[in-house]
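Letters are used for the chains, namely A, B, C, D, E and F, taken in the order the chains are written, and counting of residues starts over at 1 for each.
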Amino acid sequence: MAPAVAQLLYLLAAVCFILGLKWLSSPATAVRGVRLSSIGMVLAIAVTLFDRTILSYGTIIAGLAVGGAIGLWGAKTVKMTSMPQMVALLNGLGGGASLVVGSAEFLKSELLGEVLPVDVSITIQIALIIGAITLTGSLIAWAKLQEVMTGRAITFPLQKTVNALLFAAAVGLSAYQVSVPESVLWPFYVTAGVALLLGVLLVIPIGGADMPVVISLLNSYSGIAAAMTGFVIRNEVLIIAGALVGSSGIILSQIMCKAMNRSLANVLFGAFGATATQSLKSAEGLTVRQTTADDVAVQLAYAQSVIVVPGYGLAVAQAQHVVRELADLVEKKGGTVKYAIHPVAGRMPGHMNVLLAEANVPYDKLLDMDAINAEFERTDLVMVIGANDVVNPAARTDPASPIYGMPILNADQARSIIVLKRGMGAGFAGIENELFFNPKTAMLFGDAKKSITQLVSELKAL
Amino acid sequence: MRIGVPRETAAGERRVALVPSAVARLGKLGLELLVEEGAGTAAHVADAEYSAAGARLVPAGRAAAEADVLLGVQAPSDAQVGAMREGAALVALLQPAGASALLDRLSGRRVTAFAMELVPRTTKAQSMDVLSSQATVAGYQAVLFGASHLARLLPMLTTAAGTIPPGKAFVVGAGVAGLQAIATARRLGAVVSAFDVRPVVKEQVQSLGASFLDVEAVAAEAAGGYAGALDEAQQARVHAAVAGHIKDMDLVITTAQIPGRKAPRVVSAAMVASMRPGSVIVDLAADSGGNCELSRPDEVVVAHGVTILGPTNLPSTVSHHASVMYSKNVLTFLEYVIKDGALAVDLEDPIQGPMCVTHAGQVRYGR
Amino acid sequence: MIETLVASIVLFTLATFLGVELIHRVPSTLHTPLMSGANAISGITVVGALIVAGAGYGWISQVLGFFAIVFAMVNVVGGYMVTDRMLNMFKRKPGGTN
Amino acid sequence: MRIGVPRETAAGERRVALVPSAVARLGKLGLELLVEEGAGTAAHVADAEYSAAGARLVPAGRAAAEADVLLGVQAPSDAQVGAMREGAALVALLQPAGASALLDRLSGRRVTAFAMELVPRTTKAQSMDVLSSQATVAGYQAVLFGASHLARLLPMLTTAAGTIPPGKAFVVGAGVAGLQAIATARRLGAVVSAFDVRPVVKEQVQSLGASFLDVEAVAAEAAGGYAGALDEAQQARVHAAVAGHIKDMDLVITTAQIPGRKAPRVVSAAMVASMRPGSVIVDLAADSGGNCELSRPDEVVVAHGVTILGPTNLPSTVSHHASVMYSKNVLTFLEYVIKDGALAVDLEDPIQGPMCVTHAGQVRYGR
Amino acid sequence: MAPAVAQLLYLLAAVCFILGLKWLSSPATAVRGVRLSSIGMVLAIAVTLFDRTILSYGTIIAGLAVGGAIGLWGAKTVKMTSMPQMVALLNGLGGGASLVVGSAEFLKSELLGEVLPVDVSITIQIALIIGAITLTGSLIAWAKLQEVMTGRAITFPLQKTVNALLFAAAVGLSAYQVSVPESVLWPFYVTAGVALLLGVLLVIPIGGADMPVVISLLNSYSGIAAAMTGFVIRNEVLIIAGALVGSSGIILSQIMCKAMNRSLANVLFGAFGATATQSLKSAEGLTVRQTTADDVAVQLAYAQSVIVVPGYGLAVAQAQHVVRELADLVEKKGGTVKYAIHPVAGRMPGHMNVLLAEANVPYDKLLDMDAINAEFERTDLVMVIGANDVVNPAARTDPASPIYGMPILNADQARSIIVLKRGMGAGFAGIENELFFNPKTAMLFGDAKKSITQLVSELKAL
Amino acid sequence: MIETLVASIVLFTLATFLGVELIHRVPSTLHTPLMSGANAISGITVVGALIVAGAGYGWISQVLGFFAIVFAMVNVVGGYMVTDRMLNMFKRKPGGTN
């Protein structure tokens, strides 16, 4: 194959990656995005195989077969709930590959006694360090998520200083390696070792819940490592694809942090500061699952049946108009929305009626408890908006509870439950609500009106 | 020139023709205002407010005798007419259609009389349009009046003592009063539907969030935005549609009118019988014949368990604001006809012309 | 030599900007699939691995090349498959107008 | 076991203790239902509906004599008590506080009497809580009643006859009735403010879109979510704040109550004098002493041009829905106390206990 | 200067252009965007001057000085209202520059008897053709906007065929030129002439109102021409900047078309099909100015004082809730919103009050005519929502009008007026409203609720 | 030679994608300034003009180069100035929270 043709085909592969990434970020086109991106990958591999004067196909075929088989098997067998750790593992391997390629180039030149150009040397060192950090860092992330090791932040005194020193050491050794023309190998091994250690140390102080951000960041690193490899072997598709992943990965990490209302710095180094994470645990130590508006918006967009359970908080927030707007949007997207009115929701008889009538919610969508309770279990999504006591399962199960015996709305029977309230405040009865700790429940904290306004704009953007 | 504001003499009339703010405005035009003592009491306006606005208080009965222009809400009593000066002017709701005796008497005294209800329903004259302003009040009050007679709640309420479904209100005739009734019933949480013979009204009804009872091929739009009478076939279709609809209604407000005719009969006795006991009908057309067969002017009729109210002067029960609005209309009219401190009667004027019922010893109404 | 380096830097810079612009507002449900898809793309090192392994410079290159290929291939194949599986979870519901 | 539903004998009482849907539910429990002829007429429920629901119609006066459990809205007449069987049960609003004679008579006949107004205000008992259900109706009706007596319009209206500013409503006591009054006045377009001595209520008032009259350092929250009495300094501050606020109000609804005491006096005669003529005060506490100094139970007092209404039984004017809700409360109570077709009196029960005023020849109330 | 350094500085310039373009597309950063982009330009020029062995600085200095001075003078003196034609003119010159540079390279090689590589030849031809089309096309656009020639579409029989033939001729001659090695000049001159003619012919059938789209498209062309010049002289910054402008210009043209609810094809070739543009002219031949939601949203975001004039159309559309939401948003952005209620707006007394009370608009924001009429002239923006008769100036000026003498809201005195209605339908009085033809007025057509919902989401996105 | 051509094509492609992604939703008030700013950037041909004019290949190059520089410079200077003037029209109002 003529080099020019190969380069153009590489360019085509790069275009596949570009469009693939773009499409991946919208629900409607995501599937198409992966497909196109994988086509690009096949193309890149094929071009490489045909283009270069490959001397030993044996190793290559074996490698491709073994790697492909493992990947296939892993992807088929992994459980849906273990996806994040799977991605961590795959990412680590990607970093490992860069590390190995860099090492191979380096060792080859050393063995052949070649003197590498400075820029190649530099980029080899960068690929090496980043690849190593990605490898061990990802493995730690995997271990934390898989609960092979504790998900808690692991800190020790002077941790930041140690990390900084190690990083300086790695950089220093690399510089030494590059500047010394004669063939010395020890700085190379030490650099690799230090970088591998650094990967471990950088990730252990980060809590298990923040791992997705870390993985995304490491993913970005492995992109950069790939790009560096590209510099080394002068290959454009590696540079482009690597840089793409490098920058989009950082953006994605930032988006993820924003969705958690944190900064990237806070995620990465938060464990060293005051651990100000609010405790959202029940008396029995259960924790609630927090969610974000864009997430709920996607759920709403895909839910076929939605029930809104309004409560006193809806009235306090004066969210009746926006709720109506949200419901209209959901219906436009093809879902149905009903309102489940508990007889004592709010603070006066008919409180919810007054509000929802003001917002012109059609009367036939307001169903009282008896009319709607059987429907919950057939419902995709329940949105509990500022209600608390009226959906508290303790009324059914806990004879000691002051609300024991009060009939409640069966919100807990729905397939998925979203609760909108400001925090973990109790309702009128002043008691804890185990519904919030239900694994099917996700909490969207904030003033109900603000939250719903956000939901509306997220849903519109989808 | 002297403007006289009498204390109303008609039974049950609580409004007053001019309120102090209008008195002050007219005073600025250089007019002299005579207000009878106690003229505003029933409308909750004190004599002191009139004096403060620059009026001269006169004993009851004196306004007619002294005024160059006598105002009024309702037609003046015979005594008042008798006391009026020759050539004076009169501005009030004179109900000229059935009042030829009054008109004769007025022309006999060479009074220039303007009937406020004859103000043309044109865009320009809207701010003098007492029919609109008083119908607004009537439509609002009709719903309050009906709702407080109702043995049911209008809004939907889901409570620990069960769910009360929303009440159903039905408004017949969606003119000024009817639209206001729709809006008020909607405010109270009722599910409102309405019917009218003018098809343009459908969109207006819907713009207030109510539904419109469609009857095929019924349209009776006459000149000036008023309704006309229906032919027999149309009448039959309306009858069938209303009969089918009305039996589930809790509150019915009827406001249908055809200018210059008896009010159309829309709700029959059989329809009343089909309604649930405890329901209420408010017939605002009771004194022009009634939209409901069973309504009697100013009586509370209970038939088949249904309460049928036929109030004839609802605006008067909201005496203060009804007076404020009436007064604003009259003020605008006076500012229109008074030029340089004197009445400038112009029978060719598109507004004055139709309103003037007697002038220079002639009865002009109906000629 | 330095010319190609500069050319590479230019490419790297442009692609970096492009990466930044490509990702805008991603619903959080797509965060993991997107991350996984991007991760699969970073498996492009497989190209480097192939070149290293295929160059035939002796056993070190061979061995290292083999492992590099295996690692990268796991990353690529696993990455795409996993992403696809995740995306299959949300199929459009019928009847929506968007 | 026989359940008896009498025709109410108290003057002006239009409600009925059980409506047909509840009759049917109790019938399913194997109980025999006796309903006096005409029991539901005033609440717009026909005798035929009761029979259709499975009740046996009995002549007026017979229910008391035949029933094992006699229901009622208001306390039974002496004749009815006299006719009751020994050991029978009674469920009604007995107003036990001022009714020791009645209680003695009931215990004399060994009647087990439950006073519905004594149902504890706990979460569990909410569906038997007649105070809440009837207060809901009263709060709604108080606004309609007040508004239809008002010489003004409540909603803001910008019309060709001038702009009517929105009416101002003030609700004193934001309990169940007060909150409903707030909601209803808001529906009608009034600008609503409210005052209560319990600080928690502020948020509830605001959640209905009304504003709260803040008075510094006033808080009198007693047990069970009820209010307590204020000390003198607090009282003085409240007086000053209310006096400053009330003079601009068009419609005032007072609902303040302190359990077991005379209703607090919130609106003084001087305050009434400061209000604009034509305004209206509706005092829902008139029969327990009145929140307004000038209110008289069931009278229309006009003072300083202000109309003061003191309706004592507003729920009865909304007879149908008030009965539906009352009936639902009673039904829930009966389902709670009747086990296997018989009354299971348990004086230790947290709900029955407080409600039972006489049992086994003993007056338990007040002991 | 070392070539590598020059290249890196060119890259920096390219980055300036990238960020400059990005920032230019948001109101908050636009000013920064132009500045940065111009810094990039200065950098690129400086690098060129220092890098190449410039032999004759004389011409260059003269050229820079003359060109800069003309540009400066033009930009300073042009009237704000003539901006679009100014841009057209500048764009034409840009195209002209590409044309001249291409010609110079071509002529140079011919004169020196050099044989150009095929790719250079090809790109020279492309630069030539596109540059020529841009030059004359832009000049025609300028002429149309400046009203030097008629703004109407100029068509003649077989116009499309002629254009196609001319285009084929240009391409054919170019191909011939490239393929014939010996020095012939005539195909070059003919190609240039044909391309210049083509530029004229392509633009004349497009109506004056669509010129901005055409300019944007020609701007995109001149970007491509610049990129081609870059290919010719092997200059990266030319390629990057040219490609950037080339693609972003096309996107911008599409956005502009979308804002006009047209397709690009319809704009370019619309004159040949049925001219389906709806006539929005008054009886006296005045035309209304149509606007779009995003435009109104920007105005709302920057307006300090807004008055909403609701009318019967608001009621028909049941837009009361969304209006309230829009007003809340405007206030959040720092503007004030009041509602001007005409005594007879709607179809019953108090119609607007009922609606706005339902949407919980605070009473103190509802001002009646007497209270607000004096405020209009101090108001930045009036939004007339489904009102018509109550803002019709004919009531003041035209004694023959049925509404003559009715006091109206002085909406026409505001600095800017937006009218939301479905089309050019009349109001209750059935008469035409000259307010709609006021030069300060822009019409936002569509159901009021839909339009306002769109405004809300546009405003949120700003 | 062909190598540089391909490199140029790669650059052109990437920059084209970048251009597409850069422009998203532009309020129509910014359409003209954006167009004008982009137009100024397309004046980058001035670099080409400088090279042509500076190369000193004789009078034709000189003359053509001169005109090319003048044209391009008018485009550049005029374009930026005009854009700036347009943007000065909307200054942020004080007091907004965004």
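Here is the rule we use: a residue touches a chain if its C-beta (ideal position, glycine included) is under 8 Å from a C-beta of that chain, and two chains touch if they have at least 3 such contacts.
Everything numeric in this text was worked out from a predicted model, so none of it was measured.
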Chains in simultaneous contact with chain A and chain E: B, C, D, F
Co-neighbours of chain F and chain D - touch as defined: A, E
For chain D, the least number of touch steps when starting out from chain C: 2
Chain pair with more C-beta contacts, A-C versus D-E: A-C
Residue-number overlap at the chain C/chain F interface, same or different (half cut): same
Inter-centroid spacing, chain F versus chain B (mean Cα positions, whole Å): 72
Chain B and chain D: spacing of chain centres that average the CA atoms, whole Å: 38
Between chain C and chain F, centroid-to-centroid distance (C-alpha), Å: 34
Distance from chain F to chain A - Cα centre to Cα centre, in angstrom: 39
Multi-partner residues of chain D (at least 2 other chains): 126-127, 132-133, 136, 155, 157, 159-162, 164, 187, 189, 209
Multi-chain contact sites of chain E, meaning residues that touch two or more partners: 14, 18, 22, 236, 240, 318, 343-344, 349-350, 354, 357-358, 360
Multi-chain contact sites of chain C, meaning residues that touch two or more partners: 2, 5, 7, 10-11, 13-15, 17-18, 21-22, 24
Pairs of chains in contact (touch as defined earlier), listed by label: A-B, A-C, A-D, A-E, A-F, B-D, B-E, C-E, C-F, D-E, E-F
Complex contacts: residues of chain C adjacent to chain F: 7, 10-11, 14-15, 17-18, 21-22, 24
Complex interface listing, chain C residues touching chain A: 1-2, 4-5, 8, 11-20, 22-58, 60-62, 64-90, 92-98
Chain E - residues contacting chain B, complex: 312, 315-316, 318, 343-344, 346-351, 354, 357-358, 389, 402-406, 428-429
Parts of chain E lying in touch with chain D, wherever the complex brings them together: 341-345, 349-350, 352-354, 357, 360, 363, 366, 368-369
Residue ranges of chain B touching chain E (in the complex, touch as defined): 122-124, 126-127, 132-133, 136, 176, 179-180, 183, 186-187, 203-204, 206-209
